[in-house]
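Everything on this sheet refers to the single structure shown next.
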């Protein structure tokens, strides 16, 4: 299942958003942020990976459920909010769903801007909001059984730093 | 001229620091942060590029001078400080020197951590400190002539946010 | 007719991913929740959880949000993507 | 003997990248700066710039930092890398 698109008509043609089962290629994403782009001095990206230990469990894999009708809409809204707060030229966001294994890539957020500060803050903001506002749920496969990941209070608190801006 | 090394014995063998004329490959750097690393869930990187417009000038190229005896020492100190503040597993930092052209890559900072927040903050911190503490100077080639880039007060202020941590 | 959908562990707990509900509209998300509990009293311990999140027509809302005929109302646990 | 080095536009302004200075040590960076001005009064407008940064043996310091015989003292404009 792939569901990808340019984010919306009001945004740069260079924005890209995809919710997909297949893996992504960071080198390709980076090239897309850079190509024919001599105005931007700063690219920041975040990549999230399946790690082996989480919330006290030895993790062997991860199943990512989502709410298909809502996921893209929620992510587009987060990108739109980021672009209203910072001068971003390009935003690329990919989130995988379905069965993932140890060290697999889960999520990519890459942004380009003429300003370093804007690139760092916007990329961080998008990840913080995605963690609390986008309808994804992780079920971990561990050596003791399968568990739904608990949401963390620190992820809730991570949003506080963006409130007064 | 290449001058690269593992940062210091007290650090992870996975840390890497290089001051070099030649270009770098972000895909390779990303692979180094990820390889045999199932403990880290978060990778953040920053890439700085030569942009076409800076401080009111149409830029066509950039010459990067540095203080060879000091550069690596200053960068290693910044990485060490970042590792003392955040739980980072791996840090890779490359800064180019010499003649660069429009859209060329200038600097790469990539970090991996088990925590998203740590990865974002540490990468941002390293870039903010590098901007104010590492002995590099940019001379821009513009259509009106060659100019040394002025240091910016906002780069000075960018350090403030790390003072009370 | 209101379309109600459930996700993740809530879907597993209720053993239901989707159902239709006849309710006089407009009503609120809280009314939908109460109607579900009236029809399925055994869902009390799962559906009365204050940490649950809800969405109407794929926008996250609070429980006092309005629901109209034909809307899709979703209930799910706090999200854990990223 | 103290080794003094200059970088970037300061190097261009002074038309000098490096020189040796005989000074009784220990002294301070400010003493080194004063000795340079005594020897090269025409450097005043460039070297008396309060924005200049300095390093002793490749560590950035303030102008009251100590300098010992054999040290390398560097003067340069605010850095602009990254």
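A, B, C and D are the chain letters, set down in written order, and residue numbers restart from 1 in every chain.
FYI, contacts are C-beta pairs under 8 Å (C-beta built on N, C-alpha and C of every residue); 3 or more make two chains touch, one makes a residue touch a chain.
Being a predicted model, the structure only gives us computed values, none of them experimental.
Student: With subunit A excluded and the rest untouched, write the groups of chains still joined, or say one piece.
Tutor: B, D | C
Student: How many angstrom between the C-alpha centroids of subunit D and subunit C?
Tutor: 71
Student: Averaging over Cα atoms per chain, report the distance between subunit B and subunit C in Å.
Tutor: Comparing mean C-alpha positions, subunit C is 48 Å from subunit B.
Student: Can you check how far apart subunit A and subunit C are, centre to centre, with Cα atoms defining each centre and the answer in Å?
Tutor: 26
Student: Can you list the residues of subunit A that touch 2 or more other chains?
Tutor: Subunit A, residues with two or more chain partners: 48, 116, 127, 131.
Student: Which residues belonging to subunit D are in contact with no fewer than two other chains?
Tutor: Counting only residues that touch two or more other chains, subunit D contributes 82.
Student: Can you list every touching chain pair?
Tutor: The set of touching chain pairs is A-B, A-C, B-D.
Student: What does subunit B use to touch subunit D in their complex?
Tutor: For this pair, the touching residues of subunit B are 48, 64-67, 69-70, 73-74, 95, 106-107, 127, 130-139, 148-151.
Student: List the residues on subunit A that touch subunit B in their complex, please.
Tutor: 26-27, 30, 34, 37-54, 102-103, 114, 116-117, 119-120, 123-124, 127, 131, 154, 158
Student: Touching residues of subunit C toward subunit A in the complex: what are they?
Tutor: 5, 7-9, 51, 55, 58-60, 72, 74, 76-82
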